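As written, the chain order gives the labels A, B, C and D, with residue 1 at the start of each chain.
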Amino acid sequence: MTSAELGCLETGDLRVSGELICKICQDLYNSGWVTGTGGGITIRSGDAIVIAPSGVQKERMQLEHLFVMSLKTREYLHKPLQALKPSQCTPLFLAAYTCRDAYACIHTHSQEAILLSQIFPDSDYFSASGFEVLQHIPRGSKKNGFYSVTETVRIPFINNTAHESDLHDSLKAAILAYPEACAVIVRDHGIYCWGDTWQDTKMNTEAVEYLFQAYLRSRKIKV
Amino acid sequence: MTSAELGCLETGDLRVSGELICKICQDLYNSGWVTGTGGGITIRSGDAIVIAPSGVQKERMQLEHLFVMSLKTREYLHKPLQALKPSQCTPLFLAAYTCRDAYACIHTHSQEAILLSQIFPDSDYFSASGFEVLQHIPRGSKKNGFYSVTETVRIPFINNTAHESDLHDSLKAAILAYPEACAVIVRDHGIYCWGDTWQDTKMNTEAVEYLFQAYLRSRKIKV
Amino acid sequence: MTSAELGCLETGDLRVSGELICKICQDLYNSGWVTGTGGGITIRSGDAIVIAPSGVQKERMQLEHLFVMSLKTREYLHKPLQALKPSQCTPLFLAAYTCRDAYACIHTHSQEAILLSQIFPDSDYFSASGFEVLQHIPRGSKKNGFYSVTETVRIPFINNTAHESDLHDSLKAAILAYPEACAVIVRDHGIYCWGDTWQDTKMNTEAVEYLFQAYLRSRKIKV
Amino acid sequence: MTSAELGCLETGDLRVSGELICKICQDLYNSGWVTGTGGGITIRSGDAIVIAPSGVQKERMQLEHLFVMSLKTREYLHKPLQALKPSQCTPLFLAAYTCRDAYACIHTHSQEAILLSQIFPDSDYFSASGFEVLQHIPRGSKKNGFYSVTETVRIPFINNTAHESDLHDSLKAAILAYPEACAVIVRDHGIYCWGDTWQDTKMNTEAVEYLFQAYLRSRKIKV
């Protein structure tokens, strides 16, 4: 891999972000959240955002597959040499970056998100209370602190669309309408989750997905 | 390992295909789809098809275990030095190669395929709609595009037989009768899934299996 | 990593304990018990106890993240250079060390603990009998021997609190009230489990969690 | 590790068997069948049988932990330097070796075995038919061929006892009474499974456990 091939991903913070993306893609694959090229991930470094492409198996993601875009100009600072498509999630990731000043965003295809959509077909949001994991879920950003175990967290639902990019407006609306949410559930599809850093983003994603799992398993016992 | 031992698997595209087979066998094992030597896989490179043998533990598959066959002549271009049996799936893989111009085929023993067989004992096909993952399932081949989330995908069932090779005729009939399917479910047994490339084949397999899982989990909630 | 950076974790028994903590954190993450920075772990070496910090992803835990405290003076013998928070579990770990002469303690966020809390909302303890795994669960310490398969093991519940450190008094009370228990269930939260060595602690944790899983799965069949 | 420390495990077939045991212990741990030091494994090489000890975490098993016994004299040909206990399973493994001329035996603590015990509290055996995986289950030994998918496989239950070694007589009786079984279920405990080679033993174990899982999952749909 020569410098020309990796461009601005060759060294420095962008390379670190790129390598993290490849490693986290493997983690997400092992969690069953991004099988069959589902899902997506982006990490930001200042104005530059590194984004995993569409159509590449997450567990085989490499530095040379990644895109880099300027958050300000929306122009690509780097494209892979190989003819790959930018992630269909890009407009949605931009919504998290601009509306929330996030520094990373993860999109999962978790089946728990599908199940919650079907259990609550008419709800605007999923809500839960009483689980310890709430103390690991920030009020939108960790700058606002975390939920306490007796409070109620609300995570908005938005409807799925035929094309992922068509989700942009409803996702942005949900982000603005639920300032204390760090994630949005796309019905029958998965979640978008963001955070103040890449670490926060991964932790928030795991905490939200854990809440979904614990909620679904608890509900089986109560019903 | 000398050149003589690996034959045409020693270098070039066939070696790449062979190494991929070994790696994907490990992935499939970790997914629980090929435990106990169940299942199978083949990747094509031009006229040559590389095939994992019968009776070898998938998670311990090595280059020296693989067979290579000519698609045109059906003769073995390479056999392992060790006395191994060719995969019983070979005639079925050939059906996918010849009827669909596929470049790889994966056979899983997924328990979800068994459960669907039992839920729909009299159906000719499994069908589903409304799941995002449909957008990752091709209409037989990606040349024909992918399903949209509001369309209905149909995946045919065929009956299981006492010998795997006896499945050939019904598998071929199902492939021809369902040109918009990229997989066939063998009742109480597993699936055969193919694609335009090895990457597509792995992605299609994961997408179809994900659909089965999401469908089964959703059904529990609705019933 | 220079000696200054790792301090007393640089060599000897403390380094061994530190490396074990990092490895076991990975194991616990793979078990789904500490996702999203949930849970915690500590290992003791004489008077020194090594403790994983708060807020670091368990699957990325490194030596340089760890704290070392004196059991006698409760003073930190080593803090990470990086500004990390000590584990909120520290007072709880100290309860296990002082009340039971334990040499390690693991705190999981297992969903099975949550489910048992909800099945038995008014019980003081969870109890089970008849499972082989009882023979792997010590009567508080292995010095007192293990349960036989026909006996009944009791594991106390304590209520969850808004701050983890507020659990200290009830945890200590439960440890003293149930001298034949090697673990305590924090309702809607997870478990604390200890042992005579780090090996015993990991084995006890796995045995107790296995019992929870087997109990919950058996109950579904019987109900 | 000097030759003295490893003794007859230092080189040759016994070293190969020992290394396989360590690797397979890791596989079994990942399958959830031997957590918390549960379960056991042995591989035979001529008259010598290599046996994993009691009380060592399976995922951390090393060559220096293993015992070697003569099948003929029942004397230990090698003991680990470290003071470890021989496996409590040893008499049971010997039953498989002598009654069936097996070359390996695996003991799992699978929860599926527990669930089947509870579903069929009064049955002498578990039986199943119609699953493809039957074609991967030998009639006691592969010399007798494999089941066909329309036949019925029977796997005997034996009652659990307070001490594992007390299982010997009932296990031996079940082995002799069911010559077409390659495994025995110990109620509320797990299975013992053997085979003509170590490969067969691992494949048989996975096939039998797969059958249990598929059976239990199918039953939920039908009930």
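The rule is simple: a contact is a pair of C-beta atoms (placed from the backbone, for glycine too) under 8 Å apart; a residue touches a chain by one contact, two chains touch by 3 or more.
Labels paired with UniProt names: A, B, C, D = Methylthioribulose-1-phosphate dehydratase.
Being a predicted model, the structure only gives us computed values, none of them experimental.
At the interface between chain A and chain B, two copies of one sequence, fewer than half of the residue numbers in use are shared by both copies. To fit its Cα atoms onto chain D, chain C must turn through 90 degrees, a value rounded to the nearest 5. Chain A and chain B have Cα centroids separated by 31 Å. Separation between the centroids of chain A and chain D, computed from CA atoms only, is 44 Å.
Among all residues of chain B, none touch two or more other chains.
Taken as a graph of touching chains, this assembly forms a single closed ring in which every chain touches exactly two others. Every pair of chains meeting the contact definition is listed here: A-B, A-C, B-D, C-D.
Listing the residues of chain A that touch chain C in their complex gives 27, 130-133, 136, 148-150, 199, 202-207, 209-210, 213-214, 217-218, 221-222.
Looking at the complex, you find that chain B touches chain D at residues 35-38, 57, 59, 109, 111, 114-115, 118-119, 160, 162, 186, 188-190.
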